[in-house]
Amino acid sequence: MNFFLAELADPNVSIPLVLPEMLLAVTGIIVMLYDSLRPGRRRVTGTISMIGLILSALALFSLWSSPNPELSGFGGMIVADSLRMSFTAVFLLVAALTILISTVWVENEKVHAGEYHTLLLFATVGMMFMASGNDLVIIFLGLETLSIATYVMAGMRRRDLRSNESAMKYFILGSYASGFLLYGMALVYGATGTTNITEMAQRIGDAQFPALLLVGAAMLVIGFGFKVATVPFHVWTPDVYEGAPSPVTGFMAAGPKAAGFASFLRVFVLGFPLLAGVQASAFLHDSWVTALTVMAILTMTVGNVAAIVQNNVKRMLAYSSIAHAGYALVGFVGAGVAKTTSGRDDAIAAVAFYMLTYAVTNLGAFAIVTLVARKNDRRTDFEDYNGIGFRSPVLAFSLSLFMLSLLGLPLTAGFIGKVLVFRPALEAGSTLMVTLVVIAVINTAISAYYYLRLIVVMFFRERSEEWVEPRMPTALAAVLVLTIIGVFYFGIAGNNVIEMFSNYPVDVQMR
Amino acid sequence: MVSVLFFILAGLAIACAVSCVYHKNPLYSAVSLIGVFISLACIYLTLAAPFIAIVQILVYAGAIMVLVVFVIMLLNLDEDKPLTRLRYLFPIGGVLGLVLLAQTLFIFYAVTKTPHTSSEQGNVVGQSMSIGRAMYTEYLLPVEIVGILLLMAIVGAMIMSRRMGEPNLEAVEGSREGGD
Amino acid sequence: MEPGLGSYLALSGILFSIGAVGVIYKRNAIGMFMCIELMLNAVNLSFVAFSRHYGDVTGQLFVFVVMSVAAAEAAVGLGIIITFFRNRLSVDVDDASILKN
Amino acid sequence: MEFESVVQTVFPFAVIAVAIFLAFNGVLMIVAYTVLAERKVLGWIQGRIGPNRVGPWGVLQPFADLLKFIFKEDLVPDKSTKFIYYLAPLVALTAALMPIIVYPFGPSIKADLSEWLPYGLGETFSHIPLVIADLDVGILYVLAITSVGVYGIALAGWSSNSKYSLMGGLRSSAQMISYELAMGASVIGVVLLSGTLSLTGIIDAQIHSPWWSKWFIVPQFVGFMVFLIAAFAETNRVPFDLPEAETELVAGFHTEYSALKFALFFMAEYVNMFTVSVMCVTLFLGGWYIPGLDWLARQTDLVWLFGAGTVGYAVVSHVGFLLKIFAFLFLYIWIRGTLPRFRFDQLMNFGWKFLLPVALANVILTVIVVFFWHR
Amino acid sequence: MDFINQYLLTILILVPVIGTAAIIAHQVFWKDESHLKWLTLGVTVITFLLSLLLLGSAQASANGFYFEQNTPWIEAIGTNYHIGVDGLSLWLVLLTTFIMPIAVISTWHAIEKRPLAFYAFMLLLESAMIGVFVSLDLLVFYLFFEASLVPMFFLIGIWGGKQRIYAAVKFFIYTALGSLLMLVAIIALYYLHLQATGIGTFDYVTLLGSLTAGKLTFAGSSAYVGTLLFLAFALAFSIKVPVFPFHTWLPDAHTEAPTAGSVILAAILLKMGTYGMMRFNFTLFPEASRELAWVFIILAIIGITYGALVAMVQPDVKRLVAYSSVAHMGFVVLGMFSFTEQGMQGALYTMLAHGVTTGALFLLVGFIYERRHTREISEYGGLSSVMPIYSTVFVITAMASVGLPFLNGFVGEFLIMLGMWSSTILPGSWNQIATMAAGTGVIFAAVYLLWMIQRVFFGKVTNEKNKSLRDLDLREIGLMAPLLFLMVFMGVYPKPILDSSKPSVVAIQQIVNGETRGGTITELNTEGTDQQ
C-alpha cells in the first residue's frame, strides 16, 4: 500500500510558533461546544473567551521574549517577526475590548452570545494568521476566515433591515475584493513560481514573467485596498459600518483594518522590496510606492471631506476610519521608501503602533456609541447626542477625549501615532513624500471640524428632548477605564510599547 | 488535438460566462455558470490536473451551485427588474471591463513574448497522490486553517439561517416609504 | 500540439473580466454572487496553469484552498441573502437603500 | 501525416468509443429489465401477476413502454421556462449515465494481440482492462457526477412553474444534498483502507487484503450500511421517495413532464439505482472479485482457463459482478414492496443527526485503526 | 528650596493640573459649587507666588537658560522633556500667572453654569500656557501649543455668547491647521539634523547649537527648505498672533468668549504667536527671516491700519477692543521684524503691556456687560455721571492702550518706532516710511478709543436703563487695582524688565542678523548674564 505514514507522523510542524493562534482556535471551539450544550450563558462564554485571549496573549509574549526564538516554521509559512508580534498584540487587545463592549448589545438584542463569541474568536484567529503568515496561502486563508466571520457578525441583528443590508453589502463587496486579491496572488505566483513572500522577494530579480508581477501587484493593491478601505475602494465602508451593530462596527474598524494593514505591509514592503541592482524590482517598487502615495492622498482627503457632511455618528466614524487608513498609508509608504532595514522596521512598527492607538481610541468611542445607541442601534445621529455633555459627564468627556485622540491632539495616543507614521515619510525627504505629509496634516486640520462637531453637539447645544442616562454596565466601565488609560498611556508614556514593537530584532529579508 | 479541445472548451466557457452575465433570469445565469464550471473542469484535465478537475465539479457544480439553485428556487426569484437607478454604473462597468481586458491582453502578450518552457514535473503534480502528500506534509497548516474556516462557516451559516420572528418594523417604516 | 501558458492565462483573464463586469451589471445579490464565483474560477484556472507550468503543487493546493473558501463563503453568503430576503422580500440591490449611499 | 500515426492515434479512441457504446447499451438493457423486474416482483409481493401480455412473460414489455412514451402527446406547461424545462431531463439522464466510464466491469485481460493488430497497436492492447477509463480519482468522479444529477431534478421542479413540481424539486434536492454527505463520509473508510481513490485500485486493495477481509464489507460494515441507506435516499427510492409522494405532491418534480421527457427521468432514476449498486459492490463487495477463484483455478490446474488474466477468469468475474448487482437491485425492489415512507422532517433528521455522525465516527475509528495498524 | 528651585518650572506646570484634580475631587466628594472659585483662586494665586520665585537668583545652565530641566521622554520618537526660561520667556510666564488670578476673580458672579468644568478648564489652560513659554523641546512646545487650544475651545463653546459655536470651531480649526504644519516642519527639522549630524533631535538648544556651529545650514541649495520650514512655523504663529490675513478668527473668538476667556485670550494666548516667532523663527531660520521680513512688515502695517480702521466702525465695544488687539499685535510684529535691539525689546515690552492693558479693557467691558447685558456702544452714553469710578478707570486704561506717555503702552510703541526707524532690514528709506506708516496707526488708535469713550461716557444719559447702574464694587476695584498699578509702573519705570530681557533679546537679534555665525549661542548667553 502506497502510504506515506512516515512523513505523516513527522510533518513539518512547530507548535510554539502558532501557539497563540492555536490556543485561540481551541478556545473558539470550546466556546462553541459549551454554547451548544448550554445555550444562552453569555457570561460563561464571554469569560471563556477572555481566558482564551489572555492565554493566547501569554503565549504571544513568551514567544516574543524567548531568548533564542524560532524565526520561522511550517516551511517558512509562519514567521515570528516584529510585524507579526506587534500586530497580533493589537488584534488580541481589540478582540478582548470588543467582547467587553458587546455585553450591552448582546443583552439588549438577545443575540446568541455563544455564537457571537465563537465568531469573534475565529475572526481573531484569522487576523492573527494574516499577520503571521509569510505565505500567500496563509494570508488568503486568514483574510477569508476573518471576512466570513465578519460578514456574519455584521448581520447578526437579523431582524433589523439595516443590519441585513450591511451584511449583504459587506459580503458582496468583500468577496468581490477577495476575487481581485486572489487574482493578484495568482499572478504573483505565476511571475515568481512561489507563494512564499520571502522567496518571492528574492526571486524578483530572476522572475520568469516580471510583467505579471506588476499586474499582480496592482490587483493586490485593489484587493487589500478594499479590505483596509482606501479610496477609491472604500464605497462599502459607510453603509456597512452604519448598518452593522455598533460593537461589531468598532471591531471592524479596529481589527480587520489592522489585519489588512499587516498583510498589506508584509506583501508589499517585505515582498516587493527595492533590491540593489535589480531593474525589475526598482520599477515594481517605484510603481507601488507611487500608487500607494496617490491612494493615501485620496483616502485621507475623501474620508475627511465626506465625514464633514455626515449626520450619523457611526457613519461619521466610518469616514473617519477611512481617513485613518489614509494616515496609516503614509506610514506604509514611509516603510516602503525607507533606506535602511532598521528604518523600514521602525516604519512598520509605526504603522502597528498607529493601528494600536486607533484601535484603542476607536473602540473606546464605539463603547460609548453602543451605550448611547440603546436597543436596536436606534440613537446614532448627531442629534441624539445633543446636550448630553453635562447630563452624562463621564460619557461625554470620555467621548470628547476619544475624539481629540482621533484628531491627534498632543498628550493623547493619536498624537504619538500620527507623529510616528509621518516621520518615516519625511525621513525619505523627497518632494512627493513631503507633499504627502503636508496633505496629511492639512487633512488632520479638516478632520478637526467633524470631531469637534460631536463635542460641540454634546457640550454646546441644549437638549430639547428628555435624556435618561444609560446605565453603565461593569464591563463597559472597564472598557472605558482601559481605553482612557490607554489613550493617555500611549500618548504620554508609549515609549515602551513603541520600542517593543520595533525591537524584535528579526529581519525576514536578511535571514 | 488537445489544442482543438482547449479552444472548444474555452469558447464554451466564455460563451457560458457571457450568458451568465447577460441573462436576467437568475436560474439561467446559474445554469450558464454550471456550464462554465464544467468546461473549466475539462480544461483542468487538459492541464493534467485531474484531482482539481473533479473537485471543481464536486465543490462548485455539486455543492455551491446546488445551494445557489436551491436558494433561487426557495426564494422563487423573478427576473431582474430593469435598471432604474445607478445608471452611472454602466460606464464604470464598461471602463473596468476594458481595463481588465487590456490587462488580459498585456498578460497574454507578456507571457507569449517571454521564452519559457514548462516543467516536466507539471504532468505529475496534479495526481491525487502528489496533492495528498502536499496537503498533509508541506501544506498541513493551510489545511488545518481550512478546517477552522469551514467550522466557522457552519456556525455562521447556522446563525444566519436560523428561524426567526418578524422583521423589525420600526426600522422599515422609519426609513422607507411604501412597500414592495 | 498543446495550447501554451498564454492561452490559459488569456482565458482566465477574459473570464475574470466578464465576472468582474458582471458583478457591476447584475442587479440582484445572487447574480452578483454568481459572478464573483466566476471570478474565483477564473483565478483558479490561472493557478492551475501556473502550477502545471512550474511543475509545482502549490498552485493546485491554492486552488483547493480557494474552493474550500468559496464553499464556506457560499454557505454564509446565501444565509445572509436569505435573511435579507425574508425581511424585505427582494434581493434587488437597488432596494438596499436604507443606508444612504 | 502518415497513415500509421493516424491509426495509432485514432484506433484507441475508436476502441473507447465502441466500449462506451457497448457499456451504455448494456446498462440501458439492464435498466429496462430492472423496470420489468420491479413490476413483476412487486406483483408477486402484492399477490398480483404483473405485466405478462407483451411477449412471453412480458419480456417485451420495456420496448412496448418505450414505444408508448415516444408516441404519447408531449404536453409542455404554458408558463414553464422552456429552455430549462427541456434541459432538465437531459441533465438528469446524462449525469446518471456518465459514471459508467469508470466502472470496473471485470479484471483486465492479458492478451497477445500483436499478430492481429498492426502498427504496434498490439503493444498498446497487451492488457485489456474491462474498464473504460481507469481514473486516478474514480470515486470522486462518481460522487461529483452524482452530485450534478441533482440539477436535473431541481431544474425540472423549478421550470415547470407548478407548485407541486417546485416542492418536489426542493425536497428532492435537499434530500440529495443531505445524504450525499453521509455517502461521501461512508466511502472515506474504504479509501483509507485501500489508500487510493481509483476504483480499480480499491478492488486491487481488496484482492491484496488479508484473508478475513477480502471484501471491505467486513472491516467496513458500518460504512456499508450507511452507504446503502444513503444510496436509497440518493436515488429517491422507497422509503425515501418523498419527492414523488403521490399523496402530497402528485408526482413530485416530474409532475408536469410527459412522454419522452418523462421517460428520460424514469430511465435516469433506474440508471442511478444501477450506479449506486455498482458502487456498493465495488467498494464493499470486491467488485468483480470473487475470492478464491484464482486460487481454485490454480488448485485445479485450470489456470489456462480461469487463472487471473485469462478471458475465462474475466467472464466468471463479470458474471459474479452482475449477480452482485442484481442482488442489490432486487433489494431495492423488495424494500419498495415492504417499507412505508418517511415523513420529510424525519428524513432530514435521520440523515443529519444519525447517519452523518455514524459515518463520521466510522471515519475516525478507521483512521485510528489504520494509523496504528501501519505503525 | 533646592528641590523647588530645581523643579520650579515643572511645578508651575503641574500645580494647576493638580488643582484641577483637587476641584474635581472636591466636587465629587462635597458637592458644593460655591467653594470652587475659592479653590481655583487659591491655586492660581499659589502658582503666581511660586512663579515669583523665578525672579530669584538661580544658576543659568551652560546654554543660558534658567531653571532648566532635561529628561528623556519618549525615546522612540527622540523627544526630551526639556524646559527652561530666559529673559524672553520669564516675563511671559509671569504675565500668565499674574493674569490668571485676575481672570478667576472676574468670573466671581459671571459663571453660574457648570462652574466645575469652567474652573477645571481655566486651570488646565494655565498649565498649558506656562508649558508653551517654558518648553525648549520643539515637540513639547508643539504639545503645549495644541493643548492650550482645547480648554479655550470649551471655554468659548460652553460659556460664550450667541455665536459661540461658530467662534469656537473657527478658533480651533484656524489654530490647529497652522500648528499642524508646524508639526511637519518640526519633524522635518529632526531629520535634517539627523542627516547633518547623525543625531535626530527635537531639542531646541541642540538644534540651535548645530545651526550656529554651521553643522546644519539652510544655505545654498537647501535654502528653499529653510524658507519652507520658516513659512510653516511662521504660519502657525501668524495665525495665533494674528497677522493680518489670518486674523478673522480673532474678533469672533473675543466677542463670543466669556470675559475671563477674552482676557486670557488677549493677554496671553496671542503672545504665544509672537513669542514663538521670536524664539523659533528668528533663531532657527535667520536667513529666511531676513529675506521675508518685508512681507511681515507690510502685513504688520496693514494689520495696524486695518485693525484701527475697522475698530472705528464697530458698534460693539468688545469687538472694538478685539480689533484694537489686531492693531497692537501688528506693532509687536513690526518691532520684531525690525531686527534691532530697540525694536525687539519694544516688541517684548508691548507684548507685556498689551497683556495688561487689553486684559483690563476686556474686564471693564465685562463689568458693564454684567450690568446691562449689552455691549452696543449706542446703548450707552453719559456713564461718567452715573459710574464715576468706572469711567475713570476705563479712561486711564484706554489711554494706556492708546500709548499715552507715562503709561505702559507708550514705552513699547516708542521703542518699536525707534527700532524700525533705525532698522536696515528694508532697502533704503523704506524703513522710515514703514515707521511713519505705523505711526499713523497710533493716531487711528487714539481716534477710535477716544471716540468710543466720548460716546459711552460723556454727554447726557440718553438711555433710561443706564441711570440706575451700580458703580464698581470693591471686588472689581480690587481687580483693577493691580492692573492699573502695572500700567503706571511699567510706563514710568520700564528698566527692570528691559534690563533682564536684554541679553536674551540681544542674543536672538544677533543670531537673526547673522552676527553669530561660527560662534555659539552658549557664549552669547553667558555674556548676557555677565552684563546682568
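We call the chains A, B, C, D and E, going by the order they appear; numbering starts again at 1 in every chain.
By definition in this document, a contact is a pair of C-beta atoms (placed from the backbone, for glycine too) under 8 Å apart; a residue touches a chain by one contact, two chains touch by 3 or more.
If you're wondering where the values come from, they're calculated on a predicted model, not measured in any experiment.
Colleague: Chains in contact with subunit A and with subunit E: which ones?
Modeller: Per touch definition, common to subunit A and subunit E: zero chains.
Colleague: Listed by label, which chains are in contact with subunit A and with subunit D?
Modeller: Expected: B.
Colleague: Which chain, with its centre taken as the mean C-alpha position, is closest to the global C-alpha centre?
Modeller: A
Colleague: Please state which pair of chains has more C-beta contact pairs than any other pair.
Modeller: B-C
Colleague: Let me check something: if the centre of a chain is the mean of its CA atoms, which chain is farthest from subunit E?
Modeller: D
Colleague: Using the average of all C-alpha atoms in each chain as its centre, how far is it in Å between subunit C and subunit D?
Modeller: Comparing mean C-alpha positions, subunit D is 33 Å from subunit C.
Colleague: Can you give the whole-Å distance between the Cα centres of subunit B and subunit C?
Modeller: So the centre of subunit B lies 4 Å away from the centre of subunit C.
Colleague: How many Å are there between the centre of subunit A and the centre of subunit B, using C-alpha atoms for each centre?
Modeller: Roughly 28 Å, centre to centre.
Colleague: Averaging over Cα atoms per chain, report the distance between subunit C and subunit E in Å.
Modeller: Subunit C and subunit E have C-alpha centres separated by 64 Å.
Colleague: Quick one: which residues in subunit C touch 2 or more of the other chains?
Modeller: Each of 9, 16, 19-20, 33, 49, 53-54, 56, 58, 61, 65, 69, 72-73, 76, 79-81, 83, 87-88, 98 in subunit C touches at least two other chains.
Colleague: Residues of subunit A that contact two or more other chains, please.
Modeller: Residue numbers touching two or more other chains: 2, 137, 141, 144, 148, 151-152, 155, 158-159, 161-162, 167, 187.
Colleague: Among the residues of subunit B, which ones contact at least 2 other chains?
Modeller: Residues 1, 51, 55, 63, 65, 67, 72, 74, 103, 107, 111, 116, 138-139, 142, 146, 149, 152-153, 156, 159-160, 164, 167, 171, 175-176 of subunit B touch two or more partner chains.
Colleague: For a test of understanding, state which residues of subunit E touch subunit A in their complex under the given definition.
Modeller: By the definition above, subunit E touches subunit A via 73-77, 114, 117, 139, 142-144, 146-147, 149-150, 153-154, 157-158, 164-165, 168-169, 172-173, 176-177, 180-181, 183-184, 187-188, 190-191, 194-195.
Colleague: Which residues of subunit C touch subunit A in their complex?
Modeller: Of all residues in subunit C, those touching subunit A are 9, 12, 16, 19-20, 23, 29, 32-33, 36, 39-40, 42-43, 46-47, 49-50, 53-54, 56, 58-59, 61-62, 65-66, 69, 72-73, 76-77, 79-81, 83-84, 87-88, 93, 96, 98-99, 101.
Colleague: Residue numbers of subunit D touching subunit B in their complex, please.
Modeller: 9, 81, 83-84, 87, 135-137, 140-141, 143-148, 150-151, 154-155, 157-159, 166, 169-170, 173-174, 177, 180, 197
Colleague: Looking at the complex, which residues from subunit A come into contact with subunit E?
Modeller: 389-390, 393, 404, 407, 409-411, 415-416, 419-420, 422-423, 426-427, 429, 434, 437-438, 441-442, 444-445, 448-449, 452-453, 455-456, 459-461, 493-495, 498-499, 502
Colleague: Quick check: in the complex, which residue numbers of subunit B touch subunit C?
Modeller: Where subunit B meets subunit C, its residues are 1-3, 6-7, 10, 13-14, 17-18, 20-21, 26, 29-30, 33, 36-37, 40, 43-44, 46-49, 51-52, 55-56, 59-60, 63-65, 67-68, 71-72, 74-75, 77, 80-81, 83-86, 89-90, 92-94, 96-97, 100-101, 103-105, 107-108, 111-112, 116, 118-126, 130-131, 134-135, 138-139, 142, 146, 149-150, 152-154, 156-157, 159-161, 164, 167, 171, 175-176, 180.
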